[in-house]
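Let me begin by presenting the structure, written as C-alpha cells, before commenting on it.
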Amino acid sequence: APATSTTPSSPTRSGRKSALVDPLQFMQLDAMLSAGERSLRQRARRVLEEGRDDKLLNELYERAEFSPALVDLAKQLGPAGLQIKGNGCPGLTQSETLVLAIELGRLDASFATFYLVHSGLAMASINVAGTPEQKARWLPRMARYELIGAFGLTEPDYGSNATGLQTTARKVPGGWVLNGHKRWIGNATFCDIIVVWARDTASNAIKGFVVEKGMKGFKPHKIDNKMSLRIVQNADFVLDECFVPEDNHLSAAKKFSDGTQMVLESSRAVVAASAAGCLLGAYERALQYCMDRTQFNKPLASFQLVQERLMRALGHLQASILTVIRLGRMMDEGQATMAQIALAKAWVTRTAREAVALCREVVGGNGIISDFGTIKPLMDLEAIYTYEGTYDVNMLIAGRLVTGLSAFV
Amino acid sequence: APATSTTPSSPTRSGRKSALVDPLQFMQLDAMLSAGERSLRQRARRVLEEGRDDKLLNELYERAEFSPALVDLAKQLGPAGLQIKGNGCPGLTQSETLVLAIELGRLDASFATFYLVHSGLAMASINVAGTPEQKARWLPRMARYELIGAFGLTEPDYGSNATGLQTTARKVPGGWVLNGHKRWIGNATFCDIIVVWARDTASNAIKGFVVEKGMKGFKPHKIDNKMSLRIVQNADFVLDECFVPEDNHLSAAKKFSDGTQMVLESSRAVVAASAAGCLLGAYERALQYCMDRTQFNKPLASFQLVQERLMRALGHLQASILTVIRLGRMMDEGQATMAQIALAKAWVTRTAREAVALCREVVGGNGIISDFGTIKPLMDLEAIYTYEGTYDVNMLIAGRLVTGLSAFV
Amino acid sequence: APATSTTPSSPTRSGRKSALVDPLQFMQLDAMLSAGERSLRQRARRVLEEGRDDKLLNELYERAEFSPALVDLAKQLGPAGLQIKGNGCPGLTQSETLVLAIELGRLDASFATFYLVHSGLAMASINVAGTPEQKARWLPRMARYELIGAFGLTEPDYGSNATGLQTTARKVPGGWVLNGHKRWIGNATFCDIIVVWARDTASNAIKGFVVEKGMKGFKPHKIDNKMSLRIVQNADFVLDECFVPEDNHLSAAKKFSDGTQMVLESSRAVVAASAAGCLLGAYERALQYCMDRTQFNKPLASFQLVQERLMRALGHLQASILTVIRLGRMMDEGQATMAQIALAKAWVTRTAREAVALCREVVGGNGIISDFGTIKPLMDLEAIYTYEGTYDVNMLIAGRLVTGLSAFV
Amino acid sequence: APATSTTPSSPTRSGRKSALVDPLQFMQLDAMLSAGERSLRQRARRVLEEGRDDKLLNELYERAEFSPALVDLAKQLGPAGLQIKGNGCPGLTQSETLVLAIELGRLDASFATFYLVHSGLAMASINVAGTPEQKARWLPRMARYELIGAFGLTEPDYGSNATGLQTTARKVPGGWVLNGHKRWIGNATFCDIIVVWARDTASNAIKGFVVEKGMKGFKPHKIDNKMSLRIVQNADFVLDECFVPEDNHLSAAKKFSDGTQMVLESSRAVVAASAAGCLLGAYERALQYCMDRTQFNKPLASFQLVQERLMRALGHLQASILTVIRLGRMMDEGQATMAQIALAKAWVTRTAREAVALCREVVGGNGIISDFGTIKPLMDLEAIYTYEGTYDVNMLIAGRLVTGLSAFV
C-alpha cells in the first residue's frame, strides 16, 4: 500500500543523471567568450540559481502577477542599465549584454522581459534621447531600481507599423499635452515612469516624453487573459489631455529614428538572446526529466524517438547560441545594422520555438505543468516570436538590406 | 483627441468580412454528412453559439476553474452518453459522435474534454463493464448530468504504459479495498463518481470499480499550474485503504482489455475530432481578425505571408476533417481497429498543432490573448497531442499493425 | 566465401512482408469509390502492373529519354481523352480521372505527365476551343495515340504570369503568322501537334492554334539537364514567322479564359492526384524495403525512428487521397472553382513532397538509386510542386477567393 | 518578331543585382577565421572560380560520369592529403580543412566527395594505419594525384552497422586472401588503390588492406541509376579469393576503431562542411536568380513569399557555417569526440537540406535544371544526409554521449 505521506503529484524519479548535464559544455560554447564575459555569465548564473524560486515564479505565472521579489532578484545582478555608461550604469558591451540575456531567459522569460523593458528600453531611451540633466535625474535612480521604467511606442492600431503612430503631443506653455492610445506597454501598470512616443502636432515629428505615475489624464489598464509572459504586466492606456512639463520632453535626440533605432537594435538583439535562453532552460529540464523517468522499464531518454528529439533540440540550441554570440561580436565592432539583428532575432526565435516544442513533448503529460519547466518557455516564445518586430517583419527587414527591395507593402 | 469612453484594449476593426467565412463550405464538407449528421451538427452549432459565453470561458481559463454553467451548456445539447444505447442515453453512431466532438472542440477544448470524460470515458466504461443493474443505477442520472463522472486509469508512474498500473484491489468481505495513486484524472476534483482501474491482488487481473465522492480513504488534489485545458480539473489522488462495496465492482467485463479497448477506441477518435474542432475555431477567428485589422494601410489578410499561412491552415483543416469523417465511417462499419484510430488521432493532433500555430502567429501580439481566439486552442492542443496516447505511442500502435513489428521497447 | 554469381549490387533481402501491404486498405479508401471508379482503378492497376517495366523506366530516366513503349503502355489503358465525350474519347467523370491519375503517378510521374499533357491539356484544349470539324479531325486519332499532342502556353518570361504572354498571331490571308518563344512544352520534341496560345496583334486577345510537326518557322529544342520528370521531353522553341492555316485556329472558344480555365482546372486536379500517386508508390516501396532489410539484426521497420517516419508518410498519404477524392466529387457536382482546386493542388503536392522525403530517407543509401523506388518520385515532385501553378501561386489563388483580396502583387 | 539567333532557353535577365551578393558578408563570417584560414579560403575560392566549368559539371552530372578534368582542378588546389603531415601532404588544421570543404561543396558536392574520399578517407587511412614504409610508398604519389584512392568499408548488408562487416581476410604465406562484397565504394571504378577493411578469419579483428587496380579476384561494378552525387563513381564489388601481398596489409594500427575512428571523425566533419557549402552555392544562385527575374512586373525577390524563403535560407546558412567553424575549433583543440561531430553532421545536413529546398523552390520551373544551380545541391544533399552515418545514426551517437544510454537497438 502506498505511503499516504507521499504527495500524490510526484511521479517517482529514478535520480538517473545524464552523462552530460550542461548543454553549453557539449560544444564548449563558454570557451568562445572572453574571460570577462565568462565571469559575468558565471556570476549571473550563480546569482540567479541562488535566487531562483520556481515555486514563486510558477505561482506568479499562474496568477499573472508581478512581484517585487523579482525586482530584488534583479538587484542582485547589479545595477540596471546594461550598456549605458555613466550615471551609475554598468556600461556592458553588447556581447556581455547578450550573455546576460541568455541567463535571464534561461531562468524565466517574463523576468527577462521585465529586465529588458526597464534597462534596455526605458533607460536606454532616456540615455539616447535625454539631455545630460534628464539622464542625471532619472538614470541613477533607475540603475538602483528606485524607479522602474516602461516604454510606450505601440498603439492599438499601430503595431508592426509603429512609426505610423497617432498619439499627439501639443506644445503648450510650460510643456506638452499628450493625447492618444498606447497598447502592450510592459511594466506600465506599476512602474514609475514611461517613455511615451508621440507626434508633435506642429512638426509631425515623433518625440519622446517621460510620463510619470499619477500624472493627470493617464491611467493604465492591465491587459487581461494574456497567455504568454504572464508575469509581465502589459498595459493599455489612454492619454487624455495629459500634461507633461517641458523638463520631461526628451529633447536631445534630433530624430526619432536615430536614437530609437539604436535602442531598438540593442533590445532586439537582447530578445534574440533571451529566446536562446528560454530554449537552454527548457532543454536542460527536458533532458533531466527524460533521464529520470521510466516507462516500459526504460528511461524515456533511451527511446529512439525521445533521444532524437532531445538531440534535435540540442542542435537547435547550439546554433542559436552561436548566432547570438556572433551577433554580439558584430555589434560590438559596429558591423551590424538592423538587418543583421532582425534576421538573428527572427531566426533564433523561430528555431527556439520549434525546439522548445520538442522539449515540451518529451515530458508527456507533465510537460503541460509549469513545474516541469518546458511549457512556460513554450508559451512565452509565442510573445517573443512576435514582439520587437514579428518574425515576418524582421525577415522583411533583413530581406530589404540583402535584396535592396522593400517588400512590406 | 481620443474619446475616453473607448476602452483602450480594442484595436480598431474595419468590419471587413472575408468572402468565404465558413471554412467547411470551402470544400462543402457538410455535404459529406448524412442528413441526420448534418442536422445534429447544425443543432449543436446553434446551441453552442447561443450558449457560448466567451467572457466566461476566458475567465475560467484565466483562473483555471470549472463552472456549473458548463454543465448547463452541456445539458442544452441533450442527454449525455454519446453512443450508449438505452438508459436514457442518445445512442449516437460513431460518426455522429465525431461530428459533435468537432463542434465541442470548436467552442472550447476544455469543455470538449469535460464532455468526453463524463460521457465517453466514465459512462462508456460503466456501459461496457457494468451489470444491467449497475447501468440502471448510474447511467440515467449521468445522462441527465445529475451525477458527473471521471475515469481513473493513469498513475504517476504509469502513463504511456498504463496497463502496468500498480493500484491494487484486495477482496474483503462485502467488497474491495483499494490502494494506490492515480494521476491526471479529469473532473475528479468535483465529480460524483470515478471509474477506477485496479489490479486484483489475487488474480493480478485489472478490474473496474466505481469510487464515489466522499468515500473514506480517497481525496483528490487538483493539479496546479497546468497550462493547457485549464478549465478541466485534473486531479491526483491516493487511494488509502479505500473500501468499495461489491456493488461498485464493475463485474460484467470479463477482461480489462475487451471493454476498455472499446471505450478507449471510441474516446481516442473523439479526441481526434475535438482537435480538428480546435483548429476549426482557431482558423475562423484568425481569418476574421486578419480581414478586420489593418497595418500599413492594408488588411493583414492581403499580405502574402499572412494569406499563405491562412490557406495552409485551411488545407490542414480540411485534411483533418476528411480524416475524421472517414474514421467515423469506418468505425460505424466495424472496419477500424485501434491502429487506424491511433494513426488518425496522432496525425490530426500533429496537423492541428502545426496549423493552429499559424493561426496564432498571424494575429500578432493579440494572438497571445484568449479573447482573440487562437492562443487557447494552441495551448490546449499540447495536452490533446499527449493524452489518450501520446503522438509517438499512437504512431507505434499504428506501425505495429502495418509492419507486424512492435517497436515500443 | 561469397558466391561469385551473386551480382554485388543486391543487398540481402529477408523476404519479410509487412502485415498490411496495401496502404489504401488501411482506411479502406477504395470503399469510398463507386463501383465504377473502383473497377476502373483495379483495371488501371492491373494493366500498369502487368505492363510495368521498371528497368526500362529507370533507364529512360537515367538517360532522360522518352520511349514509344510508354505510348504502348498508355494504349493498354484504353483510348486517350479522359473526360472528353465523343470522338472516340472515354468521357470519364472527374472523379474517375483522378482515380486514374493516382495510378499513373504511382507507376511513374513522367508517364503520368506525358499522359496528362496529351489528354488533359492538348486534347482537352481542342475539345473546348475547337470547332466540331477540328475536333473530328484531331480527337479520334489522338484518342488512338496516332497523333500525340502538346500544349504551349508558358514562355521564357511568362511563367506564373502566363496570361501576360507575348507570342503574337498576325492575321494574314488564309491563316495566321506566329512569332514568339515558348518554353517548357512537354512532349513537344516528338509530338505531332501542339496547341499554341498567342496574342492576336489586332485585338490583343489570346487565341489558340494547332501547330503541326514540321511546319516552317518552328523547331523545338529539348531542355537539357532537367533533374525532375526526366522522361518527359520538355522543349523550348522559337516561332519565327510560322504560318498556320486558318483551319488550325481554334476558333470556337470566345475567350481564352473560359475554355482554358476549364482545361486548367481539370488538369490541375489531375496533377494533385498524380502527386498523391507518387507518394503512394514511394510509400509502398519504402515500407517493403524497411521490412526486408536488416541492420543490427533487426528489420529497419522495427526501429522507432524508421517506423514513425513510415507512419507519418502513411498519414500524409491518406490525407492526400481523401483530399483528392473529395475534390473529384465536388468537381463532378460543379461545386469547385479554381480556388478549391488550387488549394488541393498546393496542399497535396506540399504534403507529398514532405512525405516522399521521409520514404527516401528510410531507405538509406539505396534510397538514392532509382531501382529502390523512392528517389524518382522525390525528384519528380519538385516539378509537380511547381508546374500547373507553383505552390505559392495556387495558395494565393485560393486565398483570393476566401479573403476577397488579391495578394499577387 | 524574336531574333532567331537567341537561344530559346534563356529567359530574359534584368541584370539587377542584389544589394548584398555575398552571404558570408552578412554576418562577416570571414572575420571569424584566422588570417591563414582566410587566405586559404580566398585562394580556394579563386582557384575554383577560375577553374569552374559549370557546363562540364552539368554534362557530367547528366551522364553520371567522372572526368580527369576534375582531378586537374583538384591539383590546382595544391597537394592532396588535407591534414596529413609529411609525405608531401599539406598538413592542414581541421579548421582549415573545413574551410576548404565549404568551398568544395559550394562548387559541386560530387567534386567535394571525390576529394574527400581520396584525401580524407583513403590517404588518411593509410596515414593512420600504415607503416612508415607504406606511407612513403603511397602518400607522396597520392598527394600529387598520380594515384587515386578509395575507401572500402560498407557492404551490401552492413551499412549503418558497418562494424558488423563480413568480408574476410585469410592469412596465407606472403599475404592475405580476401573474400566478400563491398558496396558504395566511391572512386572505386577507376581508382588505383582501395583501402579495404576485412575481418581476419583467425582473430576476428578488422584489418585494413590496400587492394590495387587489376589485382586478381577483384572487379568493381559501377552502381547505376544513382540520382545523387551523380559525378561520383560508386562501385559494388565482390572480392573473390583476392590475394593481397603482406606489404599491402596496413599493419600499424593496433585496433580498427582507433585509427579508423580518427579518420571517420575528420571525414564526417568534412561532410558537414561540404553540406554547408552546398547550401552556400545554392543560396547564392537562388538569390541572384530572384533578383534577375521578373514576373508580374516585379522582381521575384520583391514578393514577400520569395523574400522570406531567401532570408530563411540565409539564416540556416549562417547557423550552419557557425556550427562548422565551431566544430573545427573544437577539433583542433582536441575537445571534440565523435558525438559532437555526429550532431554537427546530422544537424547541418538536415538544415542544409531544408534550406536548399527553399532555394530550389523560388527558382520555379528553372529550379529543376542543373544550369540554374539549385537542383544539383538538393539532390546531392540526399546522399550527404545519409552517408558518413545517416542522420538518425548520428543523432543516436550524440545522444549516447549526452544521455549515457545507447538507443541503437
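We call the chains A, B, C and D, going by the order they appear; numbering starts again at 1 in every chain.
Keep this in mind: contacts are C-beta pairs under 8 Å (C-beta built on N, C-alpha and C of every residue); 3 or more make two chains touch, one makes a residue touch a chain.
Source: prediction; values computed, not measured.
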| item | value |
| --- | --- |
| Longest centre-to-centre distance from chain A, chain (CA-based) | C |
| Pair with more cross-chain C-beta pairs in contact, given A-C and A-D | A-D |
| Length of the line joining the C-alpha centres of chain A and chain C, rounded to whole Å | 50 |
| Distance between chain centroids, defined by C-alpha means - chain A, chain B (Å) | 35 |
| Averaged-CA centre spacing for the pair chain D and chain A, given as whole angstrom | 41 |
| For chain D, residues contacting two or more additional chains | 303-305, 308, 392 |
| Touch list for chain A against partner chain D, complex | 18-20, 26-29, 31-32, 287, 290-291, 299, 301-304, 307-308, 310-312, 314-316, 318-320, 322-323, 326-327, 330, 335-336, 339-340, 343-344, 346-347, 350-351, 392, 395-396, 398-399, 401-407 |
| Complex interface listing, chain D residues touching chain B | 303-305, 308 |
| Touch list for chain A against partner chain B, complex | 1-2, 4, 6-12, 58-59, 61-62, 64, 154, 156-161, 164, 168, 179-184, 221, 223-229, 236-241, 294-298, 303, 305-306, 360-361, 364-365, 367-371, 375-376, 378-379, 382-383, 385-387, 390-392, 408-409 |
